[in-house]
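For reference, the structure I am asking about is given below.
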Amino acid sequence: MEITIKYFGQLVETTNTTEELITIEKGQISSLLNLLLNKHKGLKQKDFQIAQNQEIVSVDTELSGAEIALLPPFSGG
Amino acid sequence: MEITIKYFGQLVETTNTTEELITIEKGQISSLLNLLLNKHKGLKQKDFQIAQNQEIVSVDTELSGAEIALLPPFSGG
Amino acid sequence: MKDKKPKNVFREGAISHEFIGNSIYKHQSKTSIGAHNIFLGQVRADDVDGKTVSAIEYTAYEDMANQKFHDIREATFEKFDLTCMHIYHSLGTVKAGEICLFVFVSAPHRKVVFEALEYVVEEIKANVPVFGKEIFEDESHQWKVNN
Amino acid sequence: MKDKKPKNVFREGAISHEFIGNSIYKHQSKTSIGAHNIFLGQVRADDVDGKTVSAIEYTAYEDMANQKFHDIREATFEKFDLTCMHIYHSLGTVKAGEICLFVFVSAPHRKVVFEALEYVVEEIKANVPVFGKEIFEDESHQWKVNN
């Protein structure tokens, strides 16, 4: 399936992109994560959470096809 | 000695005055209080604290000659 | 600090939103501040036995009250690491819906402003000789008591 | 309540003191309110290794952030007996000394506004995907992290 990946904050600098389309087999978040870490080596040094369909998820969550976002530590306010 | 007595809030209504001069012998706050309760019968039904020289005092405090205030419950803010 | 003359905390009538806005604006030059916390007391149009409060008329034992405000201020700076603190209280008539108390604390970080603001407001309610007379629409009145 | 579309909490640039003053003014018609509590986040001119922060540039995962603000709002009304509540957060550049977060809670009595305001601010800091880039005077930058 095709999944939109969004990057925020300092991860935009790490990946040099705010958004990309990734094609991947069905599976868990972890398989997508491996793919992204391979594509963007800089991500390995970064602290981030993953949101699927705007909800924070763990790596063993099934990919639903909904939008994925990589979110560095929050610093609002 | 001569002592200035100040009344505040609803006690102004009770005593019909904001301030009066009282002449009294040396002694404790309690003797002044008795004199005032006699003079203004309505005070007996009222809840108040007594300040001498702007500090809340108990009835066994000695009269210093400084200003006395009768303060009903506070309701600032 | 007792010998330092207390400032006058009282303002005649309601505290306007422009005054509050300006007070906030004045803090923009204090760039070590990261968090402000503001308490505003507003006069409620309470219903009492079918009558509605239309205003509160505030009086105070002004000298003692200003000294108490000053003492609260000193104690608060002792207890909490604040950058600044301001207190204003109305005297005279404040209509329902208008502001009668404005407490403003500021610090580099947020945790301390929450604790400090609540402390200041509770101290004011408990220890400052201010008296509110609730005026009803028919011009009768009752004396307010803090809880 | 999840199906109700979240409001947009974000404002472009700093939140002005006039905006805050007007927001206070609008509550004068709500005469059941007795206590307001306001939190303001202000950008600090922090020193980092001899360089001074001159501004923070805020970005956000806006859709998720607005949904989170909405969820925090719903949860706060569940937990606390508030009359009303408003949240505004800046996006884009906010200079040192300017306001980037404005949280405003109101209730008939004071106790609940203290608890509610702190709850809301902590929830925002922990759960809303907003990202602050601290810009130094020499135009270098670092990414802010909440503590």
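A, B, C and D are the chain letters, set down in written order, and residue numbers restart from 1 in every chain.
Criterion: a contact is a pair of C-beta atoms (placed from the backbone, for glycine too) under 8 Å apart; a residue touches a chain by one contact, two chains touch by 3 or more.
Please read these numbers as outputs of a predicted model, since none were measured by experiment.
Identification of common neighbours of chain B and chain D yields C. In whole angstrom, the spacing between the mean C-alpha positions of chain A and chain B is 73.
Averaged C-alpha coordinates give centres for chain A and chain D that are 26 Å from one another. Inter-chain centre distance (chain A to chain C, centres taken as mean C-alpha positions): 49 Å. Within chain B, residues 77 each touch two or more of the remaining chains. Under the contact definition stated at the top, the residues of chain C that touch 2 or more other chains are 41, 110, 121.
Shown here, the protein chains touch in a chain-like sequence that does not close on itself.
Contacting chain pairs (ordered by label): A-D, B-C, C-D. Taken in their complex, chain A has these residues touching chain D: 6, 8-10, 51, 54, 69, 71-77. Interface residues of chain D, counted against chain C in their complex, comprise 17-18, 20-22, 24-25, 27-45, 96-99, 106, 108, 110, 113-114, 117-118, 121.
Residues 41, 58-61, 63-65, 67, 89, 100-101, 121, 124-133, 143-146 of chain C are the ones that touch chain B when the two sit in their complex.
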